[in-house]
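In the two complexes below, chain A is the common chain; its partner is chain B in one and chain C in the other.
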Partner chain A sequence: MGAKDVKPTRSELIDLKKKIKLSEGGHKLLKMKRDGLILEFFDILSKAKDVRSELDAAYEKANEKIGIAESVEGRMTVKSTAFAMKDAPQIELESHNIMGVVVPKIESSSVRKPINKRGYGILGTSSYIDEAVDSYEILVEKIILAAEIETTMKKLLDDIEKTKRRVNALEFKVIPELKEGMSFISLRLEEMERENTFRLKRIKA
Partner chain B sequence: MRLLQKLKRKSSPTHRGSGSNYAYATARVRAMKSNLLPRETYPRLMNMGIDEITRFIEESQYKQDVDELARVYDGVDLFEHALNRNLGVTFTKIINISEGELNYLISEYLKKYDIWSIKTILRGKYCNASVEEINDSLVAAGQLSYTFLSSLAEKESYESVIDALSGTDYYPTLKGYDGTNLSAIENQLDKEYYNGMFYAIGTPGSNDRKLFSKFIRTEIDIKNLSTLFRLKKAGVGEDEIADLILEGGLHLSMKEIEKLLPLPFSEFINSLEKYPYWEDISDIVSPEMDSLVDLETQLTRHSIKSAASFSHMYPLSIVPIMDYVLNKKNEVNNLRIILRGKAANLDEEIIRNQLVI
Partner chain C sequence: MELAVVGNSEFVTGFRLAGVKKIYEAKDDELESMVTKVLKDSDVGIFVMHGDDVNKLPEILRDTLSESVEPTVVTLGGTGESSNLREKIKQSVGVDLWK
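The block that comes next holds the complex of A and B.
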């Protein structure tokens, strides 16, 4: 909104003053939200780093354990044992709110099962299989946790970016333009005031 | 149907004691044993790359199996299937060249492969795996032929599979399967296998039969030890462990195991000191142990070592044949460990630890 587009009226001036007040209030709130989100983001970032390194370690271990199981017992044995494990882990997706940002909360169940409830017989299998299953159960748990934290982080980043753009727009575009318009109206009104005073003086004379 | 009749005939205890061809069978097995890879081969294989190892296998006794399976599989899978096929062919050959009581005992021992294949088929049906997937995981190294096992895999449902096995020793256990209690049925089949072995051995009269009995009972001890370690470490309750204990162990009788069952993991380990297995496992077991993999390998080593220790005592008995069966199985395992271990980029130390040389 350019200053020239503004009608130099007193009501417009009052309107602009209201808008400036509202924009400044909004700007302050958005700045607070942005700072809050950044703080929250850094908090989650450190958690995400930990979870990522745990996930990498769990993946490496799972690879090693399945490698050992496949070499000692054979891939055919591992595959056959896997047939007995039909129950997939259950995942429930909920959401919660961090400063207006809706982030996911993933609840998982039956990821880790006791050794005797996995579906395969104990007597026909070995520790190689048990440990491969254990390490993959841990890996799945880490993947679920990493998915929750990394999605939260991504959503927070998107919202920080959005809030930052709004703050910048208010700070460098909307409020300066409104202020420019207000000062234009003030000047114009003062000018009109002076013209009126001069006109009255000339009539009196 | 003819196969089932043959199975019933071979499984029949009436065959026990009838004319066995120990001299012929042991001579054939001795010749087969000379084809086993010497122990110095494994360190050499450890220094080779995958391509060199596969070439080595292609030029060995496994050549025919590799050639025949090359149109279906490739890479490391081809070699694993070829090794298993060779194992199956070798064990079937041993069953075929033996007669009478010897045949009966070997067949009973190799039933573990039939049980394994039946379990694989039931597992496959349980998770709706395709016939090809089930066939890929079958090892026909027992009495049941690959064609018969494959025909079982083609059955529509687990009920048809069980019906097709009616008349076999497995049927009484399998008919208790209701589509949900797979692990219980698997455990029951394994228990029945050891009960059957016990029935087959009977009360050993001769010295060689006593050694065979010792061999089987040592295997039961090792299985029980492994089960105890796995379940105790996982914190499974005493009663549930007791259900999975096999009777007839050599040093770990039911009475001894009953004493071990209520003990916590650390005390359980300490109480093993008085058994002969302690010497082999003392270095690797501790209350804080993270993995049982090394323990399992060590127990396998013990089993092979103890079989080898008396294999030369009675040259015309089942003992050298069982020694060959164990060594052949071990050769296939070692080759697979090296190949798969290298393909999975496992640390050389890890691969070496799993080898039983």
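The block that comes next holds the complex of A and C.
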């Protein structure tokens, strides 16, 4: 909205004043929201870094264990054991709210199973396979944790970006334009008043 | 909801051992169709892929994966996920805080 688009009337001036007050209030609130989100983000960031490094370490360990199991037992034995596994890990997505951002909370079940409930025979397989299964179960646990934290971080980042855009739009576009319009109207009204006084003086003379 | 894993047979075997049922073995040329299929599956909550496999996908699909919340995509190995997050942090906060 440019200054030239506004009608220089008193009612328009009152409207603009109301809009400026509202925009400034909104701007202040959004700035507070942005700062709050950034604080939350800092909390999550350190957790995310830790989880990522733990996840990478767990993946490396799991790879190592399955490598050993495959070299000792043979790839086919490991594969056939893998096909015998019974319960799949289940996850449940719940949500909670961080300053208006809905973030997931992931609950998991049947990730780590006791050795006798895994589905393969204990006698027919070696401890190398058990170790590989253990390390992959730990990896799945870490994956679930990483998924929760990284999704939270993505959502927070999205919202920080959105709020930042809004704050900037209000600060550098909306409020200055409204103020420009308001000063245009007050100048125009003053000008009209001076013209009126001059006209009256001319008529009197 | 369940976990889903897409990748070559070496990558997915371990997850079979952990009991994951939604396992999709895919060669390089089948990756794209498999990923699209998994993304459409509403029963998948977490989607696991190898970082190198993610890098083989077209850029549009890579962007979809990095933006996806349901299912949440977790990449293992390579530099995929952490560099994605790093870029996102730089873009949103303006500073590279992932150091």
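Here, the second predicted complex is superposed on the first by the 203 of 205 C-alpha atoms of A that agree within 3 Å, B and C clash if a C-alpha of one lies under 4 Å from a C-alpha of the other, contacts with A are read in each partner's own complex, and residues count from 1 in each chain.
Note that contacts are C-beta pairs under 8 Å (C-beta built on N, C-alpha and C of every residue); 3 or more make two chains touch, one makes a residue touch a chain.
Here the structure is a predicted model, which means the values were calculated and not measured.
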Next item on the list: Consider chain A as the common anchor and indicate whether chain B and chain C clash or fit when overlaid.
Entry: fit
Note to self: I'd like to know which partner A:N116 touches here: chain B for first, chain C for second, both or neither.
What the structure shows: first
Next item on the list: For the superposed three-chain arrangement, provide the angle chain B-chain A-chain C between C-alpha centres, rounded in steps of 10 degrees.
Entry: 30
Margin query: Output check: A:S126 vs chain B and chain C. Expected answer is one of first, second, both, neither. What do you get?
Written below: first
Next item on the list: Would you mind checking which one, chain B or chain C, touches more residues on chain A?
Entry: C
Next item on the list: Could you look at A:I203 and tell me whether it touches chain B, chain C, both or neither (first, second, both, neither)?
Entry: neither
Margin query: With both complexes overlaid on chain A, does A:T81 touch chain B (first), chain C (second), both or neither?
Written below: both
Notebook entry, point to check: When the two structures are overlaid on chain A, which partner does A:A146 contact: first (chain B), second (chain C), both, or neither?
Noted result: second
Check: Which of the two partners, first being chain B and second being chain C, lies in contact with A:E64: first, second, both, or neither?
Finding: first
Check: Touching A:V72 in the superposition: chain B (first), chain C (second), both, neither?
Finding: first
Notebook entry, point to check: Should A:R52 be classified as contacting the first partner (chain B), the second (chain C), both, or neither?
Noted result: second
Checklist line | Closest Cα approach, chain C to chain B, once both complexes are overlaid on chain A (Å) | finding: 10
Check: Once the complexes are superposed, what residues of chain A are shared between the chain B interface and the chain C interface?
Finding: 63, 66, 79, 81, 83, 85-86, 118-119
Checklist line | Residues of chain A defined as touching chain B within the complex | finding: 63-64, 66-68, 70-72, 74-77, 79-81, 83-86, 114-116, 118-124, 126-128, 130-131
Item checked: Parts of chain C lying in touch with chain A, wherever the complex brings them together -> 1-3, 13-22, 45-46, 48, 67, 69-70, 72, 74, 76-77, 81-82, 85, 88-89, 91-93, 97-98
Checklist line | Partner chain C, residues of chain A touching it in the complex | finding: 38, 41-42, 45, 48-49, 52, 55-56, 59, 62-63, 66, 78-79, 81-83, 85-93, 104, 106, 110-111, 113, 118-119, 129, 132-133, 136-137, 139-140, 143-144, 146-148, 150-151, 153-155, 157-158, 160-161, 164
Notebook entry, point to check: In the complex formed with chain A, which residues of chain B make contact?
Noted result: 77, 80-81, 84, 115-116, 119-120, 123-124, 126-127, 129, 133-134, 136-139, 182-187, 189-191, 223, 226-227, 229-231, 234-236, 240, 244, 246, 291-293, 295-297, 333, 336-341, 344-346, 350-351, 354
